[in-house]
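The chains carry the letters A, B, C, D and E, assigned in the order they are written, with residues numbered from 1 in each.
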Amino acid sequence: MSDGDTILKTTDLTKRFGALTANDEISLAVERGEIRGIIGPNGSGKTTFFNTVTGFYEPDGGSVHFNGEEVTGWEPHRLARRGLGRTFQIVSPFKNMTVRQNMLAVQTDDGRSREEKRERVGEILEFLEIDHIADNEARGMSGGQQKLLELGRVLMLDPELVMLDEPAAGVNPALEERIMDHIHELNDEGTTFVVIEHDMHVMKTLADTVSVFDSGRHIAQGDFEEVSQNEDVRKAYLGGTTAEDDEVPV
Amino acid sequence: MVDIGLFTQIVINGLLLGGIYVTIGVGFSLAFGVLEVVDFAVGEYVMVGAFMGAVLAPLFGAEGVFVIPIVLVVFFAVGALIQPLIHHVTTGDRPHPLLMGLVFTFGLATFLRGSVLTIFGPNSQDVPSSLLTGGIEVPGLGTFPVVRTVTAVFGVTGLAVFMYYLYRTRGGMAIRAIAEDRTNARLMGININRYQSIAYGAYAALTGSAGVFIGMTFNASPGMGLQYTAFAFFMVVLAGMGYLPGVIVAGIVLGLTQSFTAVYISGNAVLLVLFAIIYVVLLVSPAGILGKGEWAT
Amino acid sequence: MSGSAPVLDRLPGDRRYWFLALGVLLLAWPFLFGSFWARIGLGALMWIGLAQSWNMIGGYAGYLDFGHGAYFGIGGFAAGIAMVQFGYPFVVGFALAIVVAAVLAYLVAVPTLRLTGAYFAIATWALAESIKQAALILEITGGTFGLSLPRSPDTFIGIAVPFAISETFFYYVMLLLCAATMLVTYVLFERHEFGYRVKALRDDQDAAESLGIDTTRVKRQVYVLSCVVAAVFGSVYAWYIVFIHPNDILAPIVTDRMVIMALLGGLGTLTGPIFGGLLVFLLQRLSSVFLGSSTFYLPLIGTLIMITVLFAPSGIIGILRGEIGRDDVRKNLKELGEKFDLL
Amino acid sequence: AGLGGGPERDTFLLGAVTSLSGDLRFGGGVTQRGYDMWADTINREQGGIEIGGDTYEVEVEYADAQSNPSAGADAASQMINDGADALLGPYSSNVTLSVCPIAEQNSIPHITGSAESPQIWQEGYEYSFGTIPTVSIIGNEATSALLNLEPQPESVYVTGVNEPFSEATAVSMRTAAEDAGVTVENYELFPRDTDYTNVVSAAQNADPDLHLHGGHIGSHVDLVSAASQLGYTPNGFLMHYGVNTGSYKEGAGAQAPYTFGATVWIPSVDRSGGVLFDSPQAYADAAEAAYGSAPDYTQAGSTAAGIVYQEALKELNAAPPLSQDDKDELIGILEEIEVNTFYGNVTFEVGGEYHHNNINTQTLLIQLGEDGSPTIVGPEDAATGEPNYPVPAWDER
Amino acid sequence: MSDVTGGGSGADDAADSDDAAGADFDGAQRTGDVPTLSATDVEAGYDQHQVLHGITFESRDGVTCIFGPNGSGKSTFLKTMNGIVPVWDGTITYGDVDLTDEKPEDIVTHGIATLPQGGGIFASLSVEENLNVGAFTVDDADAIAERKAEVLEVFPALEDKLDQKARELSGGQQMMVSLGRAMMTGADTFLLDEPSAGLAPRLVDDAFGLIERLVDRGAQVILIEQNVRAALRLADYVYILAEGEVQFHGPPEDLSEEDELMELYLGL
């Protein structure tokens, strides 16, 4: 099925909404330890792919393997406890709880004691530099802080694979850098990432490999340079902008 | 053996009963669709309308029909003034806005029922009408009770007027925009307070006058509201919440179910069957039997 | 949160003494004030417990269960049927109430908890009404005649009860049950991580699911637990009141009261239902004392509910904690005034 | 607060539990007027009850049952707590059924002037009594009287509301018809909040000679308005309870005349009177003077309950407050008692399915006239007028 | 770099040819130059939580950009100008008109249109209805028809979609609808809150193209963006907000001298 290096593998994964085929036989394999980028026009099925892989949608066809095990149709919480973490395109903190409680709500099967769990919360908050607001209610946090909290919550799962849906959207460039640094750091420690992002600067900096979606299909894959030179990709997605144009016009 | 005369009469009864439900369902559906209010007070508006009929009809030569214009005006005004209160409790950063709305209107319902009970006592009162009496016999079909027929026509007309207003006028467009997003509607220059009040006022006016008709069909009693609240819920669940055209279908389904259950199964099972249908429809198709309601989250 | 110090923190002296005094008062209550007040006391305790049971699913988990009263009735009828139709002692009825409520709640939970918001509210309400209608038709529930339970049983779990089955006895049973309900709520929802999971799914179900929380299961657990608690109170109530009828113990007003009590007290808080339960129960029960033979208490309660929702959405507990001060009310009034701009 | 027994007092304290609020407030008010009527009259005219040469005034204290069994039980307990010598019962059977056990537990006499469900007496409570015959008797006797009218009906259609009192009524009507050998076309119960056109259409299709209906006033009103809307005219409608109340007349409006009903007492009935009031009419006049409304049989039965206490207490001959022994002795006296009142002769059954119910008062069949006032039309020995039978069709009125 | 300056002068060109552009775009309201939208010492916030600590701001011809970290109060400030968030202290004026205590529905009538974050289209209304709602404050049917024609000229892609429900459109088309809707108000000043967020790069280009077009027609645009690189290409004037205070304002050229600011707030 899959060799030891493939952490996530989908085969002909299909998801339909009525007449619309949001994911059309998507086959994609993510290697352990890489950072995989996913790009594609709005509505091309990126978020749907995340939802189908992580069990939020029942696929209409195809299969998902995680760590060599078939996990098609598993419930999200079961996958999460196996080490598959994800975030949402729209931030979704538990607004009526404190940051710390947000973290403690995370449920794992690893039999950690209460104290160990609390200790881990402290470590993660410190790592993300939001430990100073640990006991504030999440509702009062800025959008950026909420993004960090989301990442922090996922880390409580001790995930092997983390799927991030537009982690930099609406995020100020300074914070964007910080988030990218965190991702790199975690990646260095062995966590695999799949990242959806429209910001080509982020893509270029982060992704080892980029998969391109269009109209529900997986149309191309390669490193960032390769993909951004692809004519189809340019036409469908990048448009006139030269994505590599990093020059600041001032 | 099915008796054809009885059968057609049961169909007539069911359809006309459905017409009565339509009069309540229309406004309620509008209130839910536009204002996102699940209004527990709906049945009490019916009750208060019926009592206004009973109290005011003697002033018009014991004719309840003539009370309807007054009820329309009074309920519109009162509804327009209640709406801002409901808007207030369901917005802002309150926790559980939906519950707040439910409970607020529950308080309102208790207030209305208690007030009528305190003022008029527990007895039921006749809402007299000499225009709408007796029945029209159609040979081969059965009897159409006049008052019920007129009530059904009133309900369907109300629905048509609402539909026209909502989909063919500027005000209706504003109301639909508000339903979608209040803040953005304001940014388009829509005075949301005014249009929400118009919508709620229209709902209250229609429901209150439905009360007069219902009073003429049955009578006015302080305890009658609860069952109409129940029927209003039935209506929107079957119609699909906020989906106005579904109201007619829901009315027909409810009316026929009720009359056929009563006659061919058991009178005692009527409410059991109705409530069971609601429960099952919600589980199977939360967007109503036509599947076109708004699937709120 | 606004500045004014929470009322609860302003009690003079050590708080523990206050709690101790309260405990002693509760224990001595029937002996201090006699049987009538014992009845009032046990009624209040029961309603506090019921409000808390609703608060578990409605407040903590955020599922507006408008059919919760059905489980109170089911508990009552389970006990009643065991005692009347099968001649078992109460304790069997009590066990039956728990089992029946748990099984039914579980079966209901599976399909119904997929719905949310108003849909869940209406579905549970319709289900509760169906149950009431069924009870009115079925023979085993006594149909429209209801059930008269055997009178004055003088043993409990086979042991002779020294002071007979009197209101004093039931007062202590209710006190015990109410205290147990509070303890369970405190431990599960306030102390244990289970509580975080419940609140998490209330705030965002998908996010909770993605973080390893089996939301379906947690919801089910909360629902079944809260329903069983209601049924436990229902069974004891039936034993105490002796005559049960679907129009009384399965009436929608039972649910309505629980909701109002939890809301007025403060949703999703441990102590809210205590205050809300006390206030509403006493208002209702003692209204005749203050208002004579008038139904005036109805519009009064209605108005009270509306005012609370308008100006103190976090309930009595919010006021006691100092979350709602004069400034908030003023601001609220101002905002409300702006909404009256209709022309 | 305090324990039972209470302090010394020179009045008899009767605790009345009745629904002064809630759905049953109307009936609760009727019983309250009945009890007050008795207490006011005896205090005014005789200075109270004479015990061994002294007279002791009667005091009735009310507690609100809020139309709800649980509150009813609390209210009874409140009265006992306040040291009541005896209880006067609530309106409605459901509340009564929760008050009876309280009377039992506390061994205190309890007479109700209004609850009619047969269930209460089947329980065999030792401390509870009732002055109004159970509805299974009233419904049965009224139906029998109606079935005797000419032209003799051959078929009946029986309906009832699905609640205890109404079901018991409907059952008794059906039984009476079956016993008389009349065809029962259908027997059907339905919930209060149902639509009556379907009931009427089904009945119309069966085309019975008589329609018998058990329910409360609201359901009667709904039934006759649906009947008039659909033009359903059997030879007559018999409905119980309460067609001779103002409430029915108000609710049914133009449809009220010609309805048959059942009662055990109306002012025009010929009964000899006796203790406290000379005759039914004298009572009715006094009540009309006091409250501005004509009394019905519930009010009369409630006053009678007071009169029974008064006679029993005289026989007991113990000054208030009553000791527990006095109360127990009072029960024995009540079981034996026979009192001749404006309401009729009151005696209580002992044992059997009517234990402690006064079943001897004669049932009357009445019919409303054009103006809505009732006339006794049966049974023959009690009738004061001729029935309008068969009744005119709706469009011929 | 010269390109960008060219863009700026493009706006000036448009202003010069004001007569022509103004006449067919919006005959009724606009006479002279676009009034300046300005804020003086504005303080505002939510509940007890103050977000803005005295903001002074003035719109310029062309595009006035507002940058700043997340949570710095950019959206809040925008919402004080369109009336959604009440002003605690300070004033907001539009030319001679005091907007400080006006309600959003009234502010629109002065010629200020908002494009909320995400576009804020009415998804269940048709495209045409969306445009009509935009013209809600306009009573003159001819003016509405004229403007609609104008919008369709600018966004020809919408022509075939008029009867379609807005939710059935792609993200980019939805953005066109919201911009078109804003144009229907007859506004001279546009408040845009992150119009490019979440858009695919090609659509980001489209969105910025649209902004250029608005400017070409003589409108003033106040633009909040996190896509600082792209926005700077359009900017005629820049404000940087942090912690509810203005940290910098000036033409984009001056920004290059503020290395520390750029690093700290813009990550450049």
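Basically, a contact is a pair of C-beta atoms (placed from the backbone, for glycine too) under 8 Å apart; a residue touches a chain by one contact, two chains touch by 3 or more.
Keep in mind the model is a prediction, meaning the values are calculated, not measured.
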item	value
Any chain that touches subunit B and subunit A	C, E
Chain whose mean Cα position lies farthest from subunit A	D
Chain pair bearing the highest count of C-beta contacts	B-C
Subunit A-subunit C separation of Cα centroids, rounded to whole Å	43
Whole-Å separation of chain centres (CA-atom averages), subunit A against subunit D	76
Averaged-CA centre spacing for the pair subunit E and subunit C, given as whole angstrom	52
Subunit C: positions in contact with at least two other chains	133, 136-137, 268, 294-295, 297, 341
Subunit B, residues touching no fewer than two other chains	93, 95, 117, 191, 268, 271
Residues of subunit E whose C-beta touches two or more other chains	103
Contact set on subunit B toward subunit C in their complex	32, 38, 80-81, 84-85, 87-89, 92, 94-96, 98-100, 102-104, 106-115, 117-118, 191, 193-194, 197, 226, 230, 233, 237, 241, 268-269, 271-272, 275-276, 278-279, 282-283, 286, 296-297
Subunit B contact footprint on subunit D (complex, rising order)	23-26, 159, 162, 188-191, 193-195, 197-199, 201-202, 204-205, 217-218, 221-222, 225-226, 228-231, 246-247, 250-254, 394-395
For the subunit A and subunit C complex, residues of the former touching the latter	54, 56, 75-78, 80-81, 85-88, 92-97, 101-102, 104-109, 114, 150, 153-154, 156-157
Residues on subunit B engaged by subunit D in the complex (per definition of touch)	3, 5-6, 9-10, 13-14, 16-17, 117, 121-126, 128, 133-135, 137, 142-143, 145-148, 217-219, 221, 223, 227, 258-259, 262-263, 266-268, 270-271
Subunit A contact footprint on subunit C (complex, rising order)	193, 196-197, 199-200, 202-204, 206-216, 268
